[in-house]
């Protein structure tokens, strides 16, 4: 049967996958996508746990509310983030990570 | 506002005033004289003010923090007054000899260092004792880095060295003090007040091994500030490089803070700390390093400023010896030696500054025959030099002899312990200091001057503060009881009673 | 006990020269020539005072509270007894004469004010030593005479040799003082903090020291040798004798006063004062006696080959001081062996005082000669001075006779006493003493003959004239004193000095007189009419190469070690304590900058890795650490 | 009037200003600045005089809004720093406008109000949801603010870096919250603490969650090994924003961290040793990674960034030292105290930097050369600020360090103490380097320094505050004594 | 839930996730991400979180991904093919992911709850419905649904949001507004260019 662990491992794998993408990719937009993937993985964990931590026989909706907020926040973040990336593209004609390596030391 | 507070704050306020545009020389010299007079009046009043009291006189306190209990508490006992007197005397000489064309920073830095030293000596709260000492860090740093001798890279390197070295030492000290304060928290409240801590130490003494450990941390911290071997390597280059007033004030006055701290904080609060065998051994080995190693190092110096700077490190060994012995006479001797060394080294550095500015070199091999050019200068230098090699009649001798007696003699036995051997080495150190001092004296003042080398003698107005210092050496050297009479509490007994 | 009446004279003795010195130090610009008068005047008053004091009672007045801490009292107090009174008299009388002599000798010197200031300082210090009631006070003035000696030897400091000599004198004395202080400290420890002479004496008689001397002989010996080391330095005994000949670089009056009559004798004076310490340790006594004997013999040997007239006298001083020290050791050997107490007089003191007069006179005489010969000191460049300087010749002859120990002259009596003592206490040392006596006669004859007889060998000698009256007068007075000193009234006056047992051994008498004759005759035969030294013994002329050996020692053991230690201190101590941590910190710091290299990918990687590390730490490491 | 309404009012004011700017695009900068600063000042005054009784809170906010003195302290802190940032913005506006696309800085007057409200809510958070929501409000606003001057390549770069790394840390944070929730079954601090006190709770999952959560929060407060963004972002962002980040954002991060750590280290917590160990290791590492590389910095702004890292390290060490019977201030109190001392010195440093920048100077150490000659006043206050940052006694910075040292010694954390000492010693080097430049005889600072009365007064005020806090910290501690008292529940 | 379905959904999610990480063309990435999110939404639903599943599709797979695609198209971002991937970064990413996965897997095995299935912690809808109806005077629509044995997920969610997190909801609103303003500010064209 499918246990909680299955979900946790799937979410963990997704989180790890996202992390790998964030680290490995050079295109900032794709990095951003991977970030969204990580956030979703976290959401999956939350939802899975909310199902298994029942409150009075029902799923724990406060955790699901957090997922709701996470999704919303993610949306807003995506909007702002993409705006910044667009601005970056406008000034550097590139969305590669190499475009942002002037500040250092 | 008590007189002690005024003494402490006056130089700081004067420094601020000069920064804001007050006339430099008039303000600083005036402040120094005023401070000296106040301290002298305190010395005179001390007997009546401290009548019937074992602890501090002229006490007052302003609470700064409840818990940990910190207050701006001032108070003076004999030791503090002696050191305050030292500070004001050296300050006067230091600011007096600053020539008019020097920037205002000279005066400001001198006053700040003086204020810091006075604060450190006259406060009765460990927090402020520590804090005031640190006040000197920036002025010292800036003066060495900006107006030190030698090329820019050299003086900056030296400035960094002293600053980081002393900074790190102070941090170790802070850790030690924190430990001390925490261990004596007793009733659940931390206090930095010396009197309260002493009461705690008397009521519930710490286990001996713990005392030893804390004492050792404090020894490392304070020791760094006094250039205790092997934590000394900041001192010589710093004094050789520092501008004259800073060299005078730092080596003459501020350096004594570490010793004062050991005498005032570490030893009464951790009465058995220094007697823990390993601590005692360590201290003795370190101070032997000061005397013997630095003695040899000093002999090897080729420049007058290096020589004096290293000798100043060496002489700290004697004061540590007094502290290590812990007997009443040795402790008093250590106090006297602190005073005497401060005056003599300040006098010497002041003269060295003059020598440097007139001749442009301090290379011993290039000097010579100045005794004929500048007899007054020579005599003043002789006072400093002979004082520092412990000639009787000048203040250092009395201190040294007391330290030796106090360290050497365990009455009624004929055993030769480590302490006795340290004294023997210390006595040999006296021979070594005569060697280097007389060599230097010989090559500067005796013989014939190299061609083109000429200096004018000190003018009368330049002489005044120097004569003041020399006279102090002589007076205290002949009548050490004048100063030591101020110490009313039995230093060693205070430590001993705190142990029970 | 503090006593107002008894303290006034000693206080005056101490204060007068001190005030004179201070006045000259502070007011030399204002007072100018009056300084000199002040100095001489104070010396004169001191002489009068010390003369007056000869008649006072024994006392121990407190002069100045120096330090008082708990039970430990370090004070300036005087011990007025026969010894100090007598010594005081010698010091002040010779001091006064030297002051007067200097008026002439230093007339043309630019630094004469400074010279007289230093002389006053010396008078002050020497008075302190003589009066000292305890060892610490003695040490204080001990060092101060060292200082004044330093100042006076280095009077002509422009001359490198004078500057070096003064430095050497001070440093060698410091080495002696090193031991002196250890000795004082050991006595301090053993006698429970009382180092007054009276207290120590009592301590040795029945106090704690009595037992200790038996129980802990090593300690006692070391203490005694420590004290002795002070004397070795000040009285220029082997192996610290090297400074005294060099000290002749100072003006001749100084040589007479300090380096012949008084200061160098202070070591002997102190040893006599502390004789009970040496008596307490037979080993120490033996060492003292042998060091003295060795010095006497060695110095005499060196004197035979010196050409500088003052140096010959200097080595003879060394030799005579060796005699005195030997006497101290011998008496101590005798006393500690026989367990009987010595009388108030002491053979060493006896010789000290006779020697003081004739040697001061010899030095002043040589000063007069040097003055007359325009500061020429090589005796081979003199000659025939007998005719030009008759008074000097006469007085010099008296002095020489006394020094050689010609019967009837003062030196004879005091030397006889010592030789007699040696005969009783230690036979080998007796023969050393006799040999020395023979050598003394030899080199003094040599000097006398070369200087006064024959023909003038240079123009200076040819044109020499008798010194002015201020210089001649002290010579005459001293010659008178030399002649008078062994006779009744004066010995009674200075009774403390003269040992009351004077058992004559015929052997001693015969040995000493034959030694004198051998020396006298061989010297006369060998040097009469010679223009060059017929003998040429390098080893003696070069003073057994002591200076060279010491130079090497200083170079290797001091400067070499200093160099090595400095290197170690700079490289290892500073390196380990300061530079290495600084190096590590900066290295780590610059390495850590790589972490912020500016690359976003690196940052994300680090962030991820950081998370993993935190997890690893928290989940897999810390729980197993067992807090 | 309850404090809660002040927060809401502030957010509404921020909103209104945003709208105002949109509809009245010609509105003068001064007006905007005046309104926003006036608003915050009013809020501050209201806050000071507001009834701080927890009972005054509206019923509906009580479940998620706690109202202990710790919260109150941080709320006041947020208001003060916001006011200062707004003032700094108006001071910096002349040069900032060069780097904004429309030559205006309007949003920089309105967004801080919203950030402030967010920080105030964070201070009161009782559960993870509130923390998350408020934190994201602040973070998203900061994304905008950091990249605001986007004509400057550096600002843009800083914006991108902050965005990516910030989003990554958000992911980590949420994942951590998820695991904590999974392991304890609760999202509230109280619930978590209760669950952790029960031995039935599995330790490993909780630790995993805690690790993620603390990593996420560690990023916000610039704790090692999540500190690498700080120098770049601080250097690139406009000075007022950097100030806001380094003081406001850090304080907000620390209040949350305090609450989280408090719940992790509650009575009988099964994970207490691990968390404490992590804080110690992290704190030590942060001190070192902040201090050691700082020695090589040439830019004062970047230097202050590193300094901010090392201060975060001390704060973490303070947090690691749990309550001691011997001290009144517990770890939360010490953290708050430290932050209060940290505020004036950091702000003053940035203020002087801003003044130089406005007058055409640069941000490097060499641009400070000769300042003592050009403006003794600025030199003096900057010296005070740097001395305080270095932790010299008689300045505010020392008091904070003293408490940290006391705590470390009290718990015998010798290793951490050694790191703290090394860090502080290295601090002497890099702060003094700037001081040296200020007093050097060469001149690298702007020739003509024109200071407004306002900035003069502000600088002096801050310097005085540093000294007063360093010499007379009694009132501040009195404020915090109750703040650090056991968390008083609002019910 | 059927095991196979779970594995299918998991494979869908992770597989497309892998595509996102590895695909060279950004458009492919974006579309893969959308697919991955769809799988994720299905997993949500399999956990009885219908509402969350729905908004996952609406917000993420829908709105957010459209935004991504839009930007990619707008900026005309080329395939990364002309540049080789940063090998160090790739290796780093793989290592991190592997270690993280191992860590999480190790730890989740120690979770006591971990071995439970959904049927082990079955929802007790009817029971709750009855309790609600009788006891707490709750919304009748919810209790009715519950009594009928269906999970009124959206209603319960709404109830939670408005009852418990009303304030947060408004903060989120504020956040979205800030986001909007931010986007405007950050993507405003320069004045000169506009003129």
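When the chains are written out, they are named A, B, C, D and E in that same order, and each has its own residue count from 1.
Heads up, the rule we're going with is that a contact is a pair of C-beta atoms (placed from the backbone, for glycine too) under 8 Å apart; a residue touches a chain by one contact, two chains touch by 3 or more.
Please read these numbers as outputs of a predicted model, since none were measured by experiment.
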| item | value |
| --- | --- |
| Chains in simultaneous contact with chain A and chain E | C, D |
| Closest chain to the centre of mass proxy, which here is the mean CA position | B |
| Taking each chain's C-alpha mean as its centre, the one farthest from chain A | C |
| Centroid comparison with chain B (C-alpha atoms), farthest chain | E |
| Cα-centroid distance, chain A relative to chain B, in whole angstrom | 64 |
| Centroid spacing, where centroids are CA-atom means, of chain B and chain C in whole angstrom | 35 |
| Centre-of-Cα separation between chain D and chain B, whole angstrom | 42 |
| For chain C paired with chain E, centre-to-centre distance based on mean C-alpha positions, whole Å | 101 |
| Set of chain A residues in contact with two or more other chains | 8, 15, 18-19, 22-24, 26, 28, 31-32, 43, 48, 50, 52-53, 62, 65, 69, 73, 76-77, 80, 84-85, 87, 100-105 |
| Chain B, residues touching no fewer than two other chains | 164 |
| Junction residues of chain E, two or more chains touched | 86, 89, 92-93, 96, 100, 103-104, 107-108, 111, 113, 164-165, 168, 172, 175, 178-179, 182, 186 |
| Pairs of chains satisfying the touch condition | A-C, A-D, A-E, B-C, B-D, C-D, C-E, D-E |
| Complex contact set, residues of chain E against chain D | 103-104, 107-108, 110-113, 164-168, 171-172, 174-175, 177-179, 181-182, 185-186, 188-191 |
| Residues of chain A touching chain C in the complex | 19, 22-24, 26, 28, 31, 97, 100-105 |
| For the chain D and chain C complex, residues of the former touching the latter | 160-161, 164-165, 168-169, 172, 203-204, 207-208, 210-212, 214-215, 218-219, 224-226, 228-229, 231-232, 273-278, 281-282, 288-289, 291-296, 422, 426 |
| In the complex, chain D residues that touch chain E | 11, 15, 18, 60-61, 63-64, 101-103, 107, 111, 114, 118, 121, 129-130, 133-134, 136-137, 140-141, 143-144, 147-148, 150-151, 182-183, 202, 204-205, 207-208 |
| Chain E - residues contacting chain A, complex | 1, 3, 6, 10, 13-14, 17-18, 20-21, 26, 29-30, 33, 36-37, 40, 43-44, 47-49, 51-52, 55-56, 59-60, 63-64, 67-68, 71-72, 74-75, 77, 80, 83, 85-86, 89-90, 92-94, 96-98, 100-101, 104-105, 108-109, 111, 113-119, 121, 123-125, 127-128, 131, 151, 156-157, 159-161, 164-165, 168, 172, 175-176, 178-180, 182-183, 186-187 |
